[in-house]
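Look for subunit A in each of the two complexes below; its partner is subunit B in the first and subunit C in the second.
Up next is the complex of A and B:
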C-alpha cells in the first residue's frame, strides 16, 4: 500500500510542472492564482511570429542533427575499436577516458572553448560548428556507452568470427553483420544525444554566437515577459526535443536500412 | 584409405602471448567423413585447437593441412571450415533462411540458387518451414540446427563444432547429439567436435582425442579409450575408474590397500610399484567369502539410479567403486582377475 502511494505521489510531483506549463500556455491571464483564467492560443502565435525564436528553432534542429550524425561517424568506429582492443587494460582505460566528459560540467567545457577559440590562431568562437563540436563532446559518452555495451551483449566478436569462417570479408562483415546488428543501440543512443543537444543550455549559452543561439538560450529571455508566452515557448522546446529524438531515431534507422539494403542483393 | 586426410596437424604448437597456456606438439589426422571428438578438462586447449584449424589463431610452430593443402599461413576465409559455435552465433537481424544462405551470398551465388540450397539444408536439419523466422524466435536446439545448416551449406572442407551441445538442456542435448551424428554421416564430412562431456565423446566419436594441459594424451576409438586408457588421467576422465596403487609380490599378484590381488601374469620383479585399473561395472557383488579375489566389503555410499546402483565400498584399508544391478545387501565383492589392468603411473 505505502509503496503505491509513494509511486503516485512521485508521479504527480514529476508531472505537475509539465501539466502546469501546458495549462499556462493556453491561459489568457495568470497572476497570483493557482490556475490561469481564460483560454487562448495567442501565446503560440506570438512565439511562432517571433523572428529570434524562429531562428533559434531551426538552429537547434540543425545543431542536433549534425551532432547526431557526428556521433555516429565518430562514435561507431571508436566504440568498435574500444570493443575490439586486445588488452583488457586498454579497454578499461579507453572506457574511463570516453566517460570523462560526463563528469565535466558543461560550464567548464564552455570556458575552455572560450579560452582556446577566442585566440587569434583559432578565432572560431560564435560559429555554429564550434557549438556542434561542443555538443559532440557532451553527447558522445552516452552514445558510446550504449553502443559498446550492446556490442558486448550481442557477442559481436563471435558473430564476426562466424561471418569470417563463412567466407565474409572485413568490409562485408561490417556492412552485413556489425552495422545491422547494432541498429537498435545506435538508435537509442541517438535519441539520448538528440534530447541532450536540444535541451543543452549551460554550454550553448556561453559559446553560441548571436545569430545561431539555440532554442534554450533564447528561451531564457521569455521568462522576463508574459507567463503565457514563456509557457508556450517552453512547451515548444519540449516538442522540439521529442521531435529531434524521433527524427534522430528514424534517420539512424533509415541509414542502417540503407546500408543493409546496399550490402544486400 | 584413399587420398590425403581432410585435416592434418603436424607438430603444431601454439602459446598464448604472456602465458603458459596453449597447445604443444599436436599431431592429429581426421580422415574424410570421420568424426573426431576432442575431450579434456576446461582450460586444456580444446578450443584453441579448433581455432588453430579454423585459422582464428596461427600456429607458432608446425603445419596445418586441409585436404592435403598446406594452410598454415592461410586466412580464415580461405580455409573454408564450417564452424559451429557454442553460442550458435546466428546473425540476429537476419531470417533463418538468410542466415543459412549467407555463406552463399558472400560467394556471389545467384539469389534463386542460394535460397534453394538454404531451403534444402533447412530440410536436412528438420527445419523446413522455419525459413522466415528470426533466430530469436527459435529454441536453443533449433538455433543450433540453423547454425549447423549454415556451417554446412557451402560444402566446407571440414566441420568444426565448439561445444555445440553445452548450452542446451539435458533432453535437447540427447536429441541434438543424435542429430549431429546423423547429419555428419549423411554429409560425410570430416568433423572435429569439442566437448568436456565423456558420454558425448564416447557415443558420438569415430575416434576420441584426449587432451590434457595442451597435449594429446591418447587418440583412439571410444572402445579402445575406455578399455585400454593410456594412463590414469584418461581412465579417470573417460568413465569411472578404481585406481589402485600397489606393490608386485609375484608375477601374478599385487599387494594393495584392499588386499592381495591376483592379476594377469606379467613379468615384473617383486617390489615394483604399480598402478592398477578396475572399472566399477566389472566388480561383482558376491553373497559370501571364498574364491580368488573375493573381499569383505562395507557400504559407505549407495546411490540408486533405477537401472543400476553406484556404490562406494570400504574394502580392507582401501575403497572400491562398484556399479551393479544387484539390489540386495552387499557384503562381499569379487574382482575378476581379467578385470584388472596395469596402468603406467601418470
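Up next is the complex of A and C:
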C-alpha cells in the first residue's frame, strides 16, 4: 500500500519539471504568476535564430556522432578482445579497468585535461578533437557494458565455434557472425553514448573552446535571461534526450526478442 | 598467436584510455603531491573548505538516503505489477538518466524556485512562500533536486533483484504467523540488503562529485566541494597545486564510496 502511494507521488515529482518546461516554452510572459500568460512560439523562433545556439547545436551533434563512431571503431574491438580472453582473471581485470572512468567525477577529469593539454608540449585545449576524446572516455564504459553483456548472453562463442568448424577465417566470423548478432546491443549502446554526449555539461563546460562550445554549455547562459527563451532552449535538449530514450527502448526490445528467439531455438 | 590478435584489437582503445584518462588523472595526482603535503595544507586553510566539506557531506547523505528509500519503495511497487505495466513504468522512470543536469536545474527553478509553481501553490495554501522559495538553494534543496536523476539509478539497480525474489517465502513466513512488516524485515530485507547498499553507494558517489545542477541552480555561492574546485579552476591566477589537491581528495572519496558499493555488489553475487 505504502509503496503504491510513494510511486504515485514520485511520478508527479518526475513529471512536474518536464511539464513546466513545456508550458513555459509556449508562454508569452511568465513573471511572478502561477502559470505564464499568453501563448506563443516566438521563443523557439528566437532560439533557432540565435547564432550561438545554432553553432552549439551543430557542435553538439558533431561531437556526439564522432564519439559514437569512435565507440564502434575502437570500443567494439576492445569489448570483443575482453570477451575472447581465455583467463577469467584477465577478463575481470580488463572490465575493472575500463569501468574506472565511471568512478571519476567529470569535473576532476576536466581539470586533468586542463593540466595536461594546456602545456607547451600538448597545446590542444580548446580543440574539438580533445573534447571528443573526453566524451569517448566518459561514454565508453556504458557502451562496453551493454555490448559485452550481450556477447555473454547470446553465447557468441558457440556461434563462432560453429562458424570456425565450417572453415571461416577470423575476419569472416567477425563480419558475418559477430556484428550481425550484436547489431541490437551496439545500437542501444550507441544511443546511450549519444544521449550522454549531447547532455554532457560538467566536462564540456571546462574543456570546450569558445568556438566549439556544446549545447548545454551555451544553455547555461540562457538561464539568466527571459524565462520563455530559457524554457524553449531547455525543451530542445529535453526533446533530444526523450528521442534517445524512445529509440533506446525500441532497440532494447529488439535485443530481447533476438535473445529469446536464439534461446528458444 | 591468439593472444597477439587480442592485444591488437584492444590496443587502440587502451591507448586512448591511457592518453585521455590515465594521463590526466596522473597529472592531477602529481600536481597535488609535488610539494609534499603543502598543497593539502593550503586547501584545508581555505576559508570555504570546512563549510564546503560539511555541505557536501550533508548533500550526499540526504540525497543518497532519500533516493535509496524512494527508489526501493518504487521498485517494490513495480516488482508486483504485471510485466507489461512494469516495462512501461520502468521506461518512464528511466527517462531522467539521459537528462542533462541543466534540464533538472531549470525545471526545478520553475517548480520550486522563488516564484515557482509549487512554491506559489504552497503559498496560497498558507505556507510561507519566501521560506520555501529559498529552500531549493540550500544543500538539502539541492539534494531534493539531485534525487531526480539519482532515484532512477536506484530503481534500475534494485528492480531485477526484487523481480527475481521468490515471494512464496513471504507467504510461508506469514502463514507461520509473521506480520507483513515482520516478514519484510526478517525475510526479504536480509536478502536484498547487499544490492540496496550497492545502490546507495553508487548514487552517493555520483552526487558527491557532481557540480552541474548546483552551478545552474545557485552559481558558485553554495558551499559544496565540487563547486569550490570549479571556482578554484575557473578563477584567474589559480593556485593549481591546491586545486589538484582538492580534485584528488574529491576523486579519492568518490572511488572509495564506489569501491564499497562494488564490494556490496560482489557479496550479493556470491550469495546467489
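FYI, the second predicted complex is superposed on the first by the 235 of 265 C-alpha atoms of A that agree within 3 Å, B and C clash if a C-alpha of one lies under 4 Å from a C-alpha of the other, contacts with A are read in each partner's own complex, and residues count from 1 in each chain.
Convention: a contact is a pair of C-beta atoms (placed from the backbone, for glycine too) under 8 Å apart; a residue touches a chain by one contact, two chains touch by 3 or more.
Note that this is a predicted model, so its numbers are computed, not measured.
In the three-chain model built by superposing on subunit A, subunit B and subunit C fit together without any clash. When both complexes are overlaid on chain A, the residue A:34 reaches subunit C alone and has no touch with subunit B.
In the superposition on chain A, A:100 makes contact with subunit C only, while subunit B stays out of contact range. Looking at the shared chain after the overlay, A:245 reaches subunit C, while subunit B stays out of its contact range. When the two complexes are overlaid on their common chain A, residue A:210 makes contact with neither subunit B nor subunit C. More residues of subunit A are touched by C (comparison of subunit B with subunit C).
Legend: residue contacts after superposition of the two complexes on their common chain; A:177 is shown touching subunit B, with no touch to subunit C. The least CA distance from subunit B to subunit C in the superposed model is 13 Å.
Residue overlap on subunit A between its contacts with subunit B in one complex and with subunit C in the other: absent. Subunit B contributes residues 54-56, 76-77, 79-83, 85, 87, 89-94, 102-103, 106-107, 111, 150-151, 154 to its touches with subunit A in the complex.
Those residues of subunit A that touch subunit C in the shared complex are 2-4, 6-7, 10-11, 13-14, 16-18, 20-21, 24, 31-32, 34-35, 70, 73-75, 77-78, 80-82, 84-86, 94, 97-98, 100-116, 133-134, 136-137, 140, 170, 192, 195-196, 198-202, 205-206, 216, 219-220, 223, 227, 230-231, 234, 237-238, 241-242, 244-245, 248-249. Of all residues in subunit A, those touching subunit B in their complex are 154-155, 158-159, 161-169, 172, 176-177, 180-181, 183, 260, 265.
Those residues of subunit C lying in contact with subunit A across their complex are 2, 5-7, 9-10, 12-14, 16-17, 19-21, 23-25, 27-28, 31, 70, 73-74, 76-78, 80, 89, 91-96, 98-111, 115, 117-118, 120-121, 148, 151, 205, 208-212, 215-216, 226, 229-230, 233-234, 240, 243-244, 247-248, 250-251, 254-255, 258-259.
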